[in-house]
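Following are the structures in question.
There are two complexes below, and they share chain A, which is joined by chain B in the first and by chain C in the second.
Let's turn to the complex of A and B:
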């Protein structure tokens, strides 16, 4: 359906290069904040900087160094592990919540607003909320677990810390996936459900053959956004655990900040930031192309709608 | 069997809402307690109810100015974002032009740059143009991720408006500007509401850039909150009260767009 719609839409567009005049203010504004800092980072990554006036051109040396740096490799692996866990939990849970949401009346509005709450809280406040909530002495969550006899302490046990960060992220962002899916579900015409009823389709069949296919678009957006944001997570774990205990919750952007600001190793940090940027870009691009490709061949088979 | 299904569904929804609300309730609960009670024993609701934490914030300019600063740059960012995104989204939804696809992808790729190391160049850039520690600096820096999102959402909504309307308006002798402001913008008002919601959301929750680009005059509330860690330990009550106050603007904004949120979360393209 979408493939055809998009195709039709692009066919309708008029070629007109004067449209650049409409885009130009936006382009200049974003370019100011995007291109100049990016070029500065590229510049850092090619030089050895001692202070403001002393810098040597070192070429690709930093790139060679960071690609061999085991600390960065570890943190990259932790990052992939974390993002993968985030996606594996939040996407199915988000779909489930969307299916459970009431569809009309005041309950629908109330649930929408309550679900949107975690999304509207500043990220360091999210960290603070969980820092307090998960503490064994003054936090409800940690206190309850301890009283149930679970030996839980996120400041000293690395596994607990990691799980707490994951739980916090699930709390913070599952709503986004749920709200995306909810809007996708609302767009399914009633006729589909009536047809399913006549066919006596089981709830599972309704989900598998009616709801899930229509959710594909919003799920693509959801997976992309969740991948990008969880891959760049910084503020929340920084406030909650400070990256510890040890390095168990030190994710990639925190390692880079430590390098750049803590140790003033700007060159390697910049070089790895660019590698990092390319990884995010590459994964997003591969995912997006695969999905569009699948959609195309799907439409080729059906060629109705 | 049908009622059984529905009650199971409601139960699941109820459990999830508890999960969402419990941490927020805990913060709210703490904000009404004295520090002695917070650290003394665990109480499920404030037994020694106090408003002192809130009074501290509302009577101290260095606290409440943080909220004013945050609101100011979020509002500025909103205005700038809408002003530049509306024409750009119109161009993307109606015309084909040299480099349109690349431009669109480049826009979206700005959301993928890891912020941590880009902080230093941002600081240098805004210092060198004399904008450091102004609301405008934060508003402009936030445009980096709000503008691409706004263009994306608006383009979705605008593509839903049939092109015949534009053509009819031009035949009737409307100029582009007149048509755009008088006819087109009212037609996509719900899209603009949703865009405003998302722009607000991402600008309000961002901390790293806002903290880096300000020092005193434009310091956001989220950065001021770190102040509660003092020599005598953390002032938990005030910290909780400050946190609660950062949630309120979000509630107000989501209340205004609640009827459009369902369509909006699909970014106008279901």
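Let's turn to the complex of A and C:
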């Protein structure tokens, strides 16, 4: 672009930014509902608060305490293990389900509705359903396992409890990944499949070089949603196992709630919430940046060719 | 004013600091709009990206100082400031 053109363009553009004032009401709302509460958490994390009039400034003491607390280390590790398992199971399973779904006719609608059903059930109801379903005496799942000779009891065996929570999450949320992938798959033009047919591409090659790259966008959303949701999971394990046996299914948010509401330790709970928040922020940012960056370099390569 | 919601001076100063950083960056952006570029970071970044990376890593530097050592937080603060400078200039 020559200098004259740039000059002309900048002359035609009217630098009027008054429309930004229209953002003000939204900003005030967000400030009231999110920014100021978050600031309050930062403020509380620096103090020892007894009641409305008694608060002592303790500096970073709570952070020191919280970061060296083995109970919190354990629940953080447990949480990462759980979220990782959720992603490792739900993402491939969701893709597989989406690939097998019928594409037209009444079957397609029927499968879509069936898949959407678990998503419509509230968290605490899911917990209750599985609480009954997995019981050894009256629950179908627990009773069947026990009669098949498997020693299964989610209230006393920590591994059983952990697997039950994981299975419950898979049952509840794989549909989301599957539905996202299904919509991604439907957006692929037929020409791609025709080209693959002409090239006699194997089904695996079609999946690897046509479907998977095209699913990337929805998978980003799926991975992010599933990571954040499972990382902040509270209601379902709370209803199902109450965090037990022992602490084997006490995930981060439950530990936090016990601290904040059970023991009324607002200071440490605030400090830990912020650490929690920073971890979620970091992981989400890394996911998001990696994937959008991958996309950009892909597009760059296409333009080069 | 500071009695409301148990506000304290240090947290107040912290937020005034953050707000003024954002304000300065906004003015800077209007005066001299930045372009995305590639520095030593593995991804091309804008000025705001580098600020965000700097702030987030400063938070984790402070947390690791608190969690892993008994050293003074002023050292963490100095390290963060240095990192922020390097990030903004060459990142």
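As a working rule, the second predicted complex is superposed on the first by the 277 of 305 C-alpha atoms of A that agree within 3 Å, B and C clash if a C-alpha of one lies under 4 Å from a C-alpha of the other, contacts with A are read in each partner's own complex, and residues count from 1 in each chain.
Keep in mind that, in the parts below, a contact is a pair of C-beta atoms (placed from the backbone, for glycine too) under 8 Å apart; a residue touches a chain by one contact, two chains touch by 3 or more.
The structure presented is a predicted model; accordingly, all values stated were derived computationally and were not measured.
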Q) In the superposed arrangement, which partner chain does A:63 touch: chain B (first), chain C (second), both, or neither? A) second
Q.
If we overlay the two complexes on their shared chain A, which of chain B and chain C does A:92 touch? Say first, second, both or neither.
A. neither
Q | Partner chain in contact with A:281 - chain B first, chain C second, else both or neither | A | both
**Q.** chain A: partner with more touched residues, chain B or chain C
**A.** B
Q) With the two structures laid over each other on chain A, which partner does A:143 touch: chain B (first), chain C (second), both, or neither? A) first
(Q) Contact-wise, after the overlay, does A:213 reach chain B, chain C, both or neither (first, second, both, neither)? (A) neither
Q: Could you tell me if A:262 is touching chain B, chain C, both of them or neither one (first, second, both, neither)?
A: neither
Q: Kindly classify A:180 by the partners it touches after superposition: chain B alone (first), chain C alone (second), both, or neither?
A: first
Q) Regarding the shared-chain residue A:81, is it in contact with chain B (first), chain C (second), both, or neither? A) neither
Q: Look at A:46 in the shared chain and tell me whether it touches chain B only, chain C only, both, or neither; answer first, second, both or neither.
A: second
**Q.** Intersection of the chain A residues that touch chain B with those that touch chain C
**A.** 40, 44, 281
Q. What does chain A use to touch chain C in their complex?
A. 39-40, 42-44, 46-47, 49, 55, 57, 59-60, 63-64, 67-68, 275, 278, 281-282, 285, 289, 293
Q) So in the complex, which bits of chain A are touching chain B? A) 9-10, 12-20, 22-23, 25-27, 29-30, 32-34, 36-38, 40-41, 44, 96-97, 99-102, 109, 111-125, 128-130, 132-133, 137-141, 143, 171, 175-176, 179-180, 182-184, 186-187, 203, 217-218, 221, 228, 232, 234-235, 252-254, 256-257, 260-261, 266, 269-270, 273, 276-277, 280-281, 284
Q.
Help me check something: in the complex, which residues belonging to chain C touch chain A?
A. 5-8, 10-11, 14-15, 43, 52, 56, 59-60, 63, 66-67, 73
(Q) Which stretch or stretches of chain B touch chain A in the complex? (A) 5, 9-10, 12-13, 16-17, 19-24, 26-27, 30, 38-39, 42, 44, 80, 83-85, 87-88, 90-92, 94-98, 100, 103, 107, 109-122, 124-125, 140-141, 143-144, 147-148, 151, 159, 163, 201, 204-208, 221-222, 225-226, 236, 239-240, 243, 246-247, 249-251, 253-255, 258-259, 261-267, 269-270
